[in-house]
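Here's the structure, in structure tokens; my notes come after.
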Amino acid sequence: MQGAISFHPDSALSAIAQILWLIPAAPIVASGLIAMLKQPRRKAAATLAIGSLAFSLLLSLIAFGHVLSGWAHGAVVREVVNFTWFHFGSAHVDLGWVLDPLAAIMLVMVSFVGLLIFIYSVGYMAHDENFTRFFCFMSLFAGAMLGVVISNSLLLLFMFWEIVGLTSYLLIGFWYQKPSAAAAAKKAFITTRVGDIFFFLGIVWLFSQTGTLVLYKGGGGAIEPAALARLLSQHAGLGLSAAGAIGLLIFAGAVGKSGQLPLHVWLPDAMEGPTPVSALIHAATMVAAGVFLVTRMYPLMQIGAHPGGTTVALTVVTWVGASTAVFAALIAVAQNDIKRILAYSTISQLGYMMAGLGLGGVAVGMFHLITHAFFKSLLFLGAGSVIHGCHEEQDIRRMGGLKVDMPLTFITYAFGMLALCGFPLFFSGFWSKDGILEAAQHWDVSKAPLVMLVVGALLTAFYMTRQVCYVFFGYWRGQKVAHESPKVMTLPLVILAFFAMALGLIGTPAWPWFHAFLENRGVKFNLHGFAEPGLGLLMLASSLVVFLGLGIGWWLYGNKSPEPEEPDALEKSAPWLWAGLRDRLYVDELYGVTVIAFYAWWARVADWLDRRVWGGIVAAVAWLFGLWAQLNRLLDVYWVDGGFDKTCEELSSSGGLLARVESGRVQNYLRILAAAVVALAAVLLWSSRP
Amino acid sequence: MAVSLDQIFILLRDWFVGFLPAALRPAAGVLLGVIAIVCVFPGLFALTTVFERKGLGRIQNRIGPNRVGPFGLFQPIADGIKSLTKEDVVPLSANAAVHFLAPLVLVVAVFMGFAVLPMGRNMVLVDMDAGLLFFFAMGAATELSVFMAGWSSRNKYSLLGAMRAVAQMISYEIVLLLSAVSVVMISGSLSLPKIVDAQNQYSHGLPHWYIFTPWGLAGFLMYAIAATAETNRSPFDLPEGESELVAGYHTEYSGFKFALFFLGEYLAMFSISGLGTTLFLGGWSAPFSFLTWVPSWIWFFGKMMLSIFVFIWMRGTLPRLRQDQLMNFAWKFVLPFTLLNLVVTALWRFMGEGWARWVVCTVILAAAYILTGWLEMRRKHIGPRSYRYAE
Amino acid sequence: MTPLATPLAGYLLVAALLFAIGLAGALTRRNAIMVLIGIELMLNAANLNLIAFWRFGPHPEALTGMMFAIFSIAVAAAEAAVGLGLVIAIYRHTNTTELDKINRMKG
Amino acid sequence: MNAVFYILAALTLAGGLATVLLKHLVHCALAVTVAFAGLALLFLQLDAQFAGFAQILVYIGAVAILIVFAILLTRGSELPKGGVFSSTWLVGLAIAAGVFAVLGWAVLQSVRAVPQQNAVPVVTVHDIGNALMGRYVLPLEIVALLLTAATIGAVIVAMHEKERQP
């Protein structure tokens, strides 16, 4: 082997696969450079960040094209570059990156959306004094996210994963002078930690079982048939195979990252960060990281499923996803902060993705991820534009009638909203959501997920309508008059709006190009795709559900714009339900009374131990010594004679003798040392002489 | 024919050694090589002195030495006689032994360096496995001699000059080593002949010299700067800055010892440019594949003299730096860029054949240099020079 | 048997003598710098041992002794740098490098 | 045991002795350089080319220069008033002698036991490089860290501290 980092560039590799590492490297390097810039150097910072990400986007497009062409020629494109990081003993840890359809699509998505958001935030953060810091963090985040996407080694993925967590912490707490922001940042960091611990356990277990963390390695990888078979054969108890258990652990990491039940609490609070951050991290990319992780590890989750069947891991994924979808949608109904509503809808959409993964496989979930990334970031950026235009007002009850003041924002926002609701035929959300529903329909374990997801869709349509009515219809209820945002902010909105519509066309049942691309099979256009049994009915049903939601929403909130003070329309009819929803179904309170209360109690116990027990012991000892001292004093008083003084003199003189050694002269110490060495060596030799 | 012309010195040596008993042959061969080196380079030194003085003269609109012999070609002989016949003054308070030893140590150490330089095909005295290391080890020894000279002659000027020289040499030796390391990383060997062989191949008639790669070019620039400083040549000739300290560490030397110092400096120049030639300019290999019939040693010495001429040119052109500028330049500019160059070289090594590595390495280096220059410009550290001519 | 029957013994003896000389220097000289020099000598003696054992040991191809020597050379360089830096700092504090004048912790 | 060994050993030991005995600090520094050079030659004699050259490069090129700098910066170049040897030099000498006695005795005791091979080991720089990058990569990294830390530390320690008014 040559060197600790032994590198085998395979000649069969395409050039783009060899330099794939440049895609994450560019933004990371850029962030390093920005970190060195001085605060007033805004232009340089923005240029560096945007330029580097544009470079990444270019490379990503090249990579995508490469994969596309390979696929068009009917070849399974999966090019990996692995190299050994270090050895310990006989084992060695490999790192590497992979270029396959999944990675290619995610690369394009992340870098493209990221680029738009960067451009947008040039306008949004224009007045912030920490402009450079912001872009430093942002590009570090983008780089780490791209790293997560391309990494072919679970360890490398975990590293980038943690960097992503760190940057999200930094960005949520970007305005750390606000206590709420600082608290939210901490909350996000700690909550995601919980998931990451399980994730790490999973990694360790996987390594102990398969001896490698590289995912694909020409048959020798951790999620390739050989290793999977071994994992499947091992039993981990509870009727789980090792594969299933590891899959669940890793899924726990995903739960933490993409805010699934029960670890979703951090995501709404994360809205304390600047809006572009919310858009980039909590809509487009980071929360998607969890879903992406599950997708990456899909072989591990799926192994052991008899055809058409499912596995424990996937079942868990499904249930968690479905319940999250409904749960979050419910909460979203009763929020008044424009961004909180979006946050909860994000959670519920993530639930949809998870459910899609669990029910219908990689393509279904990923398709919803991609479309969602576009329309949700569109919504967030729109919300940011609204907030910007309303002078940092976030309460939707203090807005209204903005469709006049901010026409462009209104139109684009409406597009995003319709896409999110899944408005039939014309919007991407409809097709991706339909894919999930269809998968749920064919799931033979239980039909409950289908029902939950449909209810979720209904709620989604409802609360989005509510929000839009509050924000854009009726008349203006704020103080200062609102204004449209600058070009640099609206332009990304327009682009995103276009994609929010158009993206749906690559995943229709008639032409499931996306699914085919991800699963490496051919595809051609035929309208018979619609003729599958039950599909037409399902589409009709979901459309009806959507219309129903829109209708109820309009009926309740329509054009009447209630005063901020007066209670919500729903509140009037069902106060108790309303209260529950408004207080986010008391999850935080639940944690408050369970976990946090426990810690508080434990702290009190420790405190009590300190004060009472240890303190008491110390006090007792002190008292004893005090007693002893008294005794001594008496002795002194009654025993004062030469003997005692004599002893003292003796002691001091002997102390003097000892102190002679500690002359503070270095050479004395050295001397003693050497003498000791001599003695020691002599003894050793004498004892061990032949 | 061409081959025999190319190998002429080797053939001569073997022919001569042929007369000796077999036992003595290897030793005699080496001895002959040593004698050749000891004769050739001082001769070259003599020529170079007059070359330099005339060149400087031309640069300064003078004629330069033109009295002794045709075009003053015999000037060095006159100088030699003069320095030999001069009285050898040793200051009273000087530390006689050290004062005497210093020039010897210098010259010996410098001569050692030539032992590993391949001056032509098969024309290397000892082909060591760790030749490069040996060369630098010998270079390190010269610093001590400089210090000995400066300290032993009990003279403030000398001491200051010596301290300056030693500080400067140490600072720039690091750069010298690191820029050589990048070559070692690519050629994968410390032996100079092997390094030359690695560069002695052609594609489309063009040679694979390391200077024709991004990292090689950058490395060569750094190497050239460091070499100039290492040999105390202008613009880095503070140690003997006449205006400040009379002649630096050899102020108190006269006569033959002074001549030895002079010789030592020029030999150091030769050896270091020889090394540069070997590392970056393809050593004795020909610049074009159709010129390979020209004897290799001609190429080596030609390249070496060319770089010597560049030395002279710089001396005639550039003004002298200040001590702090010198140190800042070494530690804050040259060293970081050499380290960057190492990284780029590693990239080059690992990315394997293909256009990608050219693009990446070039972009990184260019970006670094341009960015630095731009920032410095903005901070008004450097800027377009403004000349003023006397009416 | 004669002491230098084997080459290894010769090298080891030389190393031992050099070590002793260095130690003597470190113990008897007054100047801190001289103590450092003595320590350097001792280190070098140790290096000589390592190399000798590598050369005459059973497994020279394992390079262990060689590596040890190289690393200890590097470490010795670091040690010299820091030690001399300390000496200079001390000299700044108490205008002397005479060890037996430097016997207090606070200057 | 050939003549070369004896000559080199003599050179080295003479350098060492001169280092310890000479009065003048700079002379000591030069003498120690001689000792270093002798050791380097001994390394070469032991077919350890790389180590030998590294020894020259590091010790003569760097450490010796460092020592000299330190001497000049601490005005060590003029002779001290009271003699160069500390008051209790006799003890030190005795201890050193004791150390040598023990070591020598140990060598003579145990050298017979060591199995020896006298074939010249062929070790190219390439092998050393591979070993450094492969088996010994962790030590290498650590030494690199150590050197960095030492450099920074030395600079900070030797830097001028602010003149604080009492």
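First chain written, first letter: the chains are A, B, C and D, and each begins at residue 1.
Basically, a residue touches a chain if its C-beta (ideal position, glycine included) is under 8 Å from a C-beta of that chain, and two chains touch if they have at least 3 such contacts.
Everything quoted here is computed from the prediction, not taken from an experiment.
Participant: Sort out for me whether A-B or B-D is joined by the greater number of C-beta contact pairs.
Facilitator: Here the pair linked by more C-beta pairs in contact is B-D.
Participant: Which chain is in the middle, if each chain's centre is the mean of its C-alpha atoms?
Facilitator: It is chain A that sits nearest the middle.
Participant: Give, as an integer number of Å, the spacing between the C-alpha centres of chain D and chain B.
Facilitator: From the centre of chain B to the centre of chain D is 30 Å.
Participant: As a quick test, compute the distance in whole Å between the mean CA positions of chain B and chain C.
Facilitator: 34
Participant: Express in whole angstrom the distance between the two chain centres, defined as the mean CA positions of chain A and chain B.
Facilitator: 57
Participant: Centre to centre, by mean C-alpha position, how many angstrom separate chain C and chain D?
Facilitator: 5
Participant: At least two partner chains per residue is the criterion; list those residues in chain B.
Facilitator: Touching at least two other chains: none.
Participant: Among the residues of chain C, which are close enough to touch at least two other chains?
Facilitator: 23, 27, 99-100, in rising order.
Participant: Got the chain A residues that touch at least 2 other chains?
Facilitator: Where chain A meets two or more other chains at a single residue, that happens at 667, 671, 674.
Participant: Kindly provide every pair of chains that touch.
Facilitator: After working through each pair, the chains in contact turn out to be A-B, A-C, A-D, B-D, C-D.
Participant: Which residues of chain B touch chain A in the complex?
Facilitator: Going by the criterion above, the answer is residues 350-352, 354-356, 360.
Participant: Hey, which residues of chain C end up touching chain D in the complex?
Facilitator: Spelled out, the residues of chain C in touch with chain D are 1, 3-4, 6-14, 16-25, 27-31, 33-34, 36-38, 40-41, 44, 47-48, 51-52, 54-58, 60-61, 63, 66-67, 69-71, 73-82, 84-89, 91-92, 97-100.
Participant: Which chain A residues qualify as touching chain D in the complex?
Facilitator: 1-4, 86, 667, 671, 674-675, 677-678, 681-682, 685, 689-690
Participant: Hey, which residues of chain A end up touching chain B in the complex?
Facilitator: Going through chain A, the ones touching chain B are 7, 9, 15, 18-19, 22.
Participant: Write out the stretch or stretches of chain D touching chain B in their complex.
Facilitator: The touching residues are 26-27, 30, 33, 49-50, 53-54, 56-57, 60-62, 64-65, 68-69, 72, 77, 124-126.
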